[in-house]
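First subunit A sits with subunit B, and in the next complex the same chain sits with subunit C.
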Partner chain A sequence: MLRNVCRQFPITPLINKRIPVRTLRVSEIRFNDKSEQSSKDSFDKSLLKYLVCPLSKKSLRYEEQTNELINDELGIAYPVVDGIPNLIPQDARKIHRNEMHKNDSKLE
Partner chain B sequence: MYIFFDMSKVCRLTRMLSFGGCLNLIGRQRTPLLRTSSSVTMDALRTGSSSASMNVFDRSMKRKQKAWASALVDADKYDYLRNEVGSRIADRIFDVARTFPLALEIGCGRSHIVQHLNKETIDTLFLVDVNEKALRMTAEMDIPTHKVLADEEFLPFKENTFDLVVSSLSLHWVNDLPGSLKQINNILKPDGVFIGAMVGGDTLYELRCSLQLAELEREGGFAPHISPYTAVTDLGNLLGLAGFKMLTVDIDEIEVYYPDMFQVIKDLQGMGESNCAWNRKPMLHRDTMLAAAAIYKAMYGNEDGSVPATFQILYMIGWKHHDSQVKPAKRGSANVSFGDIGKMNELSRNKPNS
Partner chain C sequence: MALAGVLFFRSAENIFARCNRCAHRTPAFYRSFQLFTTVRGLMVEAPQNSTHFGFESVSEEEKTEKVYKVFANIAKKYDVMNDAMSLGIHRLWKDALLHKMNPTPGTLLLDVAGGTGDISFRFLEYVRFQLKQRTKQDVRSQQTPSWNAIAESYAAGHQNSNTVSQAIVCDINKAMLRVGKQRAAEQGYITGLSWVVGNAEELPFGDNMFDVYTIAFGIRNVTRIDMVLQEAHRVLKLGGHFLCLEFSQVTNPLLARLYDAYSFQMIPVLGEVIAGDWKSYQYLVESIRRFPDQEEFKAMIEDAGFFKVQYTNLTGGVVSIHSGFKL
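== the complex of A and B ==
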């Protein structure tokens, strides 16, 4: 039976072998890894004399432990990634009251 | 295929029969959009500065679009417009015969302006963008640079800090343009200068018209696919309102030729300039797109089959107030009458003879 079929359609066995290999069409968009190789600089503290909080326009404090720029008045922390401060309000983190008090006591 | 040919024929017919009528139709459709844009700026003028009611663009969407575009392998392929405008702005910076100790570029992307500048013009530079990936891919320069990730609407800098602020093709996505200009004026030192460029006026009018015509014809109504732009006439008022002095506003037209409408759209996406208005339509029918492409080719196409896309670039230069700047003379201090102006021309003509 199978042989008959094969005689009728001589190519089918070949196709059967190849079926598992199914190529996916990859779109021409590929992402590059250049951003991964960036140097991991630390935050330059001399920038603090130019930078302010984008919301209250008051000066910021650099917290080395968490690597964040902190606005104590509003209780917001802005992250620093690879030495680049991220001062976009949407990316900022709200600091809990307790944490703030801890920082205050440290300062004192 | 049938639709495609059908549309182009219809278009050619209307074009041949009544070109004037066709133009009128376009004019009528474009007015509502222009009206909304001017009413937005007018509201801003009335309220003075940042008004919460003005929320045209989805800023987080724009950020995503820019991040997507700069993650492309061939991202620099879509930089042609930014590089061109960047070099023209650099040219304007060179016109100011000064060395700027501290400069800031807002919306720098891959540093399209500053790569044309050198140490003789700028001592220290701050690069600001909302897009982290682009900020990391900036060209290496001999100018000492600091990078800061920030939003154009919320600039994180102290008052009276910079001697020069430049911005190229980023302020047209800002919701609160009067507020942003006011912030720029604030961070400038007295006698500091702001040199900027943004798209405006009739940018992409070909794409706007063909999409509207196609949508009207296929779907019986149209949605805004091209965002409302600032008019040149409004820009001077906005700069003045933000506190800038000695304003220069001019307009420049750049026409780019593309193989077809789809390439225009693809390139805009690659530039990270996709539509991000809040009232944007989430989808566009394939049928409408084909019709729009046919209309685009029929109405604006060149003889060699390419289609033009017009970008109108508004350049603005404004100075922060300083007492040493040129001021209008005091009222009544003139010693020549305006009535003599006509005669002065005659006098200067007569002088060589006598």
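== the complex of A and C ==
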């Protein structure tokens, strides 16, 4: 705990230099430098196993093209902004019946 | 009959003045009080389903919106303000919460109202440190290992499926999460951390999922505390740990006076100087006064179905950690 306290007393919060001892973390940053750019926009699919629709509590489907999480049962789509899924029901979009039929025909 | 009527109105008045704080029974009792207030409300045209926003009385929908605006405004300066207002002590409070939690590697944490991610970062630090300690102990327990064996075991100490810890930060406010994600990138927390925009009263997670649920300095801002507690109970696994870090009532009367003076005179000024927002910080100190005290909140947690509910006062009762288990 003392270590944590000491490390979190930087003089200026702007300088976030890590102590060289933590080489593991530094290499993590370098490795993820390029993918960080894309992760800002893309959604982490491993979250899907945890997320459900807040209204029906059923699991969701991720739609790549529109970058949304879709609940087919209720016909609503939750947007994903900056890689962060927005699961507030008021911000969800209702999927029109035409689109639903289109999807069905595509599957066929 | 008239006397009863007068008494009834008197008690209803008390409710308007002191809101949640006067009731000390079950949520059903709270709801029946709300019914009384609405009856009185019809007579004096007060809003139905009214709740408190600081010392004001507003409707429930208004409260959610107003609180959202408060945090959207202060998001960028949130961490700086925390340090200024609490003189850095908030870091110790959050460290204390982690110690109470004492997570082991392989824990799944849901950090509600996690905003800028303080608790989740500390959680990841803690479990990674534990994992390192474990591998070191494993190595030491082997007799006179060769350098090759040590190197291999350090490499193996890297997480396997049993020891991968995951923290999910859930907040209703997108601005706070954006700041949090940026901080995470700066400080190097990439793996094991996820961000979700969600309402604590209607969590987008399945039943019986999480090992630990935390809500730090968030529960006094929600519109329906009982709903949040019920959702917390739903998403926790059997044996799951519920932890709440929140401002509470100071026990010592002298300290209480100093604290009140500091809260109402210093904090909004700091808010204006540093964040340029007097009103939000006025709301902050008022909302602390409106929140139920330690015993009352403990009763609310027990009503939601948690067992072994305890609370620990920190800094003389300025904040308190409530803990419960789903058993």
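Here is the rule we go by: the second predicted complex is superposed on the first by the 66 of 108 C-alpha atoms of A that agree within 3 Å, B and C clash if a C-alpha of one lies under 4 Å from a C-alpha of the other, contacts with A are read in each partner's own complex, and residues count from 1 in each chain.
The criterion applied here is as follows: contacts are C-beta pairs under 8 Å (C-beta built on N, C-alpha and C of every residue); 3 or more make two chains touch, one makes a residue touch a chain.
Computed from a prediction, not measured in an experiment: that's the story for all the values here.
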Which of subunit B and subunit C A:L74 touches, first, second, both or neither: neither
Subunit B versus subunit C as contact partner of A:L51, first or second or both or neither: both
Which superposed partner A:P85 touches (first subunit B, second subunit C, both, neither): both
Interface residues of subunit A shared between complexes with subunit B and subunit C: 29, 32, 44, 47, 50-55, 57, 59, 81-89, 91
In the complex, subunit C residues that touch subunit A: 79-80, 83, 88, 91-92, 95, 99, 122, 125, 168, 172, 174, 177-178, 181, 185-188, 190-191, 194-199, 202-207, 209
Footprint of subunit A on subunit B - complex, ascending: 60, 71-73, 75, 126, 130, 132-133, 135-137, 146-151, 154-159, 161
Subunit A - residues contacting subunit C, complex: 1, 4-5, 8-9, 13, 16, 18, 25-26, 28-29, 32, 36, 44, 46-47, 50-55, 57, 59, 81-89, 91
Residue numbers on subunit A that touch subunit B, as the complex places them: 29-32, 34-35, 38, 44, 47, 49-55, 57, 59, 81-91
